[in-house]
Amino acid sequence: MAARTYGQHATPTSFGAVVAAWGWPLLELSRGLPALREGALFVSLSGAAGTSSALGPKAAETRAGLARALGLQDPGRGWHTDRGPVLRIADWFAGLARGLAKMGADLGDLTMTGIAEVRLAGAGASSTMPQKQNPVAPSALVALNAQVQAQRAALEAAAVHRGQRDGGAWFAEWLALPPLVLGSAAALGVGRALVDAIRPEAETMARALDGGQGLIHAEALSFALAAALPRPEAQAAVKRLCAEAGDSGARLGDLAARDFPDLDLAPVFDPARQMGDAPETARAFAAAVKG
Amino acid sequence: MAARTYGQHATPTSFGAVVAAWGWPLLELSRGLPALREGALFVSLSGAAGTSSALGPKAAETRAGLARALGLQDPGRGWHTDRGPVLRIADWFAGLARGLAKMGADLGDLTMTGIAEVRLAGAGASSTMPQKQNPVAPSALVALNAQVQAQRAALEAAAVHRGQRDGGAWFAEWLALPPLVLGSAAALGVGRALVDAIRPEAETMARALDGGQGLIHAEALSFALAAALPRPEAQAAVKRLCAEAGDSGARLGDLAARDFPDLDLAPVFDPARQMGDAPETARAFAAAVKG
Amino acid sequence: MAARTYGQHATPTSFGAVVAAWGWPLLELSRGLPALREGALFVSLSGAAGTSSALGPKAAETRAGLARALGLQDPGRGWHTDRGPVLRIADWFAGLARGLAKMGADLGDLTMTGIAEVRLAGAGASSTMPQKQNPVAPSALVALNAQVQAQRAALEAAAVHRGQRDGGAWFAEWLALPPLVLGSAAALGVGRALVDAIRPEAETMARALDGGQGLIHAEALSFALAAALPRPEAQAAVKRLCAEAGDSGARLGDLAARDFPDLDLAPVFDPARQMGDAPETARAFAAAVKG
Amino acid sequence: MAARTYGQHATPTSFGAVVAAWGWPLLELSRGLPALREGALFVSLSGAAGTSSALGPKAAETRAGLARALGLQDPGRGWHTDRGPVLRIADWFAGLARGLAKMGADLGDLTMTGIAEVRLAGAGASSTMPQKQNPVAPSALVALNAQVQAQRAALEAAAVHRGQRDGGAWFAEWLALPPLVLGSAAALGVGRALVDAIRPEAETMARALDGGQGLIHAEALSFALAAALPRPEAQAAVKRLCAEAGDSGARLGDLAARDFPDLDLAPVFDPARQMGDAPETARAFAAAVKG
């Protein structure tokens, strides 16, 4: 299928590589859970002002024991005004919502009428437009991420406490953390169901990749020519051929064959040979997920 | 051309109506400038703590005179800690960036490979991909609006002063206001140039609207049938025909003519008669701009 | 009482002027409600894509009639992708939360141990610290405003629709608008109750204003001297006296009388004559509220 | 000195513990630099669409070699649309600005007229008020953090790319990253200089801690009584004594000695014995910094 930059066809990629790009950040979040638990799930037991004064001479032991009993870490001190651990947890959830929103944004684009490289089984029916298959779940992922982002920003604003505990900052954190976590969790549920509904349309992808004129291979052609010509000349030549193709509707491959009859153009215009490491990327991701 | 909701073809509209949707919010901003000047461009002259104590017995007259001399409004009191006027100015600029970003977002979509209902003259060349016409200006509008939004949020956070003047809030406003104004102004410059480069591709629009099967007329068909059948039956019938068209590749109009031979289908499948008030909207906007 | 800038005593003000500074923005919001209703409470009835195509030839009349029936305004066109009206409503609510947060922030400061110029009847008891009177309601106002700000930013991000309706942006607006409105309404309830609990401590205010040394009158002294001396010399002289007072603990008034025996210092060191227009400001606000 | 929660005196702490609370998050950032470099400073070399197709058969080796040459990490794949690494770098800088803003916020409070437990050498002079020592640097830290937060939110919004590279998101990142880094760096410079100017006022702290009535020891008294009485009775008794002290101006210690003559009150009302682990916290931080 065609990779897009700025919404424009750029070079060939594969649907597997696209899925891997969605999946790697999520897989890394999953792998990062143990470190997050160790670096952020802290017991908090150090009295009103963080000095443990009311907890008696064994305050440190008490805190350590409570941490063990609750399966939490003991940071070895009070951390009332250091909201870093809470923000690290929030960042994990925000990363989850963000990663799913990326999938949602791409599926919204890939299901657009006129592109339709992906179909979503059971996509949303419109109340009045019978022909429509609205990508409702992808839209929900985008929206949930927007809400999670807003709460992430609210947590950041609440992270500077005045004094040894700041009522306004503390309450602001209480208001922001639950919808952040719930929003990310909702996105996970939506995303999980959405994954089962994804139907890549291989024929549509292939047809779009070629686009009737094979212009997506212009970069590869330019690099192939650069083996024989100085690079600026190679680029200028391909640019000229692209313009001619645009005017005449001719295939770029035919024009290239006409002007550079000695060049071996087969690999240049074979999408399967122009995907770079897309297949390896997809396979590496699949292997990592299985692992 | 096809209107899109959720990225999907919905019902017919016109390019003029799309442009009017971009333009109305901008026109309203332009019309709102006098009220903004009156309601927000205030003189500030009321001493260190807003009491005018050091300005002598004629403090009010002095402030009023300064306002006149500078072409500003005199709110009749100090407003050190009421950042509402500054936020109203910021909202005006944010509205400008937002309105231009809407145009940018749509142009980004309308120039996508596979859609291409708009071409941008002189669009961005790629450094390595000779076939590409990157919608750089639309991307810049989207990015500038993101930056302006960030500064708008920073101003909101700086709008609660402690005491009679809050150093932290005041400095935060100083940091946020210039990039907000400059970002909006930059967007206006980019947008102004972009407007001249817009090339609607009427044939591509018309071809996409029909989509080979005329499914975009499903809603109109459903309402036409509802004149003869109970509405739920009409909707179910059209849904069935859409599904059949999807499977067989047939035109919806042909299927409708087969099943409902007595119905006058010509207006239903004529895009020019299914645009609703899109033409009036476009004309009203054009007249308003001229006015 | 002392006005503070940067947290430092600046010049004298009055508690009434402080209250007026809290109240003016709220009063203006109240006064702005009719204009808001007219400029933002719009009927939305223009079909799936904003063209009213399915609403028949009398679409405009239908929309106008619905607006009348619902007590809404008819903007005379579809406004699917122009979220300006929604943002104007949101700004009103954000202004409410912001105005109340200003009162909350000041009450948090004015009730600080060591300042205590205001006492809050029925302030929050601490679970373990019997001496404490936590300003819980002011903290809640600060926190609710932080949440409202976050939702305001989320609405701004959701205000750029792609195409004729954008699922992601639309859903994001649904998620942000209710907590914004509810958060502001909650702040109004908290603020309303808080107002009844405010107990200004006049003696503490007066004592703090003088601060034992009368340094808050330094600016007034400097302006009084400037009637006789060049301004830079006057400022330098007062700066020197302030430094001497700081070292020796002497009263600024005594030092000034020693060095400038001919000057009429009574008005300079009389707080009631150094409040500038603070009393008028307070009275004007009270009259405006009654009106 | 008195620890404050909700701005109210809570229990005794030490200035060293306050400094440690400022410092720990900064020290952890410093310690986290190597992991950040490894987990986020990635080489990016994988072609226009992330497939390395134009980089030839040795693309992976080329990327690894470039990483080595530049002292960067090689993530082993393209990461065009995964802005996680950039956000991790941004979070580090945001944490820096946040940590410094906490110090700024506390110094703003501790230098307030009427509190003055810290003096800042060379604090900002006022242009007209000779007595003032404005905490300008603390205000700057608060403001810089607000700006950095705004840019952090802008980066989050720019972190969801559409397709294989998203012009709008990419440009938005370009606009946000430099001011985020520069804002944090500026805060570091301001903070570094500010540290040298901090003058803790030990006598003022001690006087404020006692407050003339020793009410800050109410919690400790309550826990001491709870050794002899049921806890609710102990709490009620102390609450009663606090109220009596409030009415009569008596010292809490005297009232306690009157009502509980058999209790050893010396440790309860000795601040040095009511600081809990504040001294250890301060020493542990100092040792960690030296280490």
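First chain written, first letter: the chains are A, B, C and D, and each begins at residue 1.
Basically, a residue touches a chain if its C-beta (ideal position, glycine included) is under 8 Å from a C-beta of that chain, and two chains touch if they have at least 3 such contacts.
All values derive from a computational prediction rather than experimental measurement.
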| item | value |
| --- | --- |
| C-D or B-C, whichever has more C-beta pairs in contact | B-C |
| Rounded Å distance between chain B and chain C, as computed from the means of their C-alpha atoms | 31 |
| Whole-Å gap between the CA centroids of chain C and chain D | 27 |
| Touching two or more other chains - residues of chain A | 4-7, 10-11, 48, 54, 105, 108-109, 126, 128-129, 134-136, 139, 142, 149, 153, 157, 166-167, 219 |
| Overall pattern in which the protein chains touch one another (line/ring/star/complete/other) | complete |
| Complex contacts: residues of chain D adjacent to chain C | 2, 4-11, 108-109, 111-115, 124, 126, 128-136, 139, 153, 157, 208, 211, 215-216, 218-219, 222, 235, 238-239, 242, 252 |
| Chain C residues touching chain A - in the complex, by the definition given at the top | 48, 54, 104-105, 108, 126, 128-129, 134-136, 138-144, 146-147, 149-151, 153-154, 157-158, 166-172, 174-176, 179, 183 |
| Of chain C, residues touching chain B in the complex | 3-7, 10-13, 17-18, 21, 24-25, 28, 46-55, 59-60, 77-82, 84, 87, 91, 94-95, 98, 101-102, 105-106, 109, 142, 145, 149, 152-153, 156-157, 159-167, 219-220, 223, 274-278, 281, 284 |
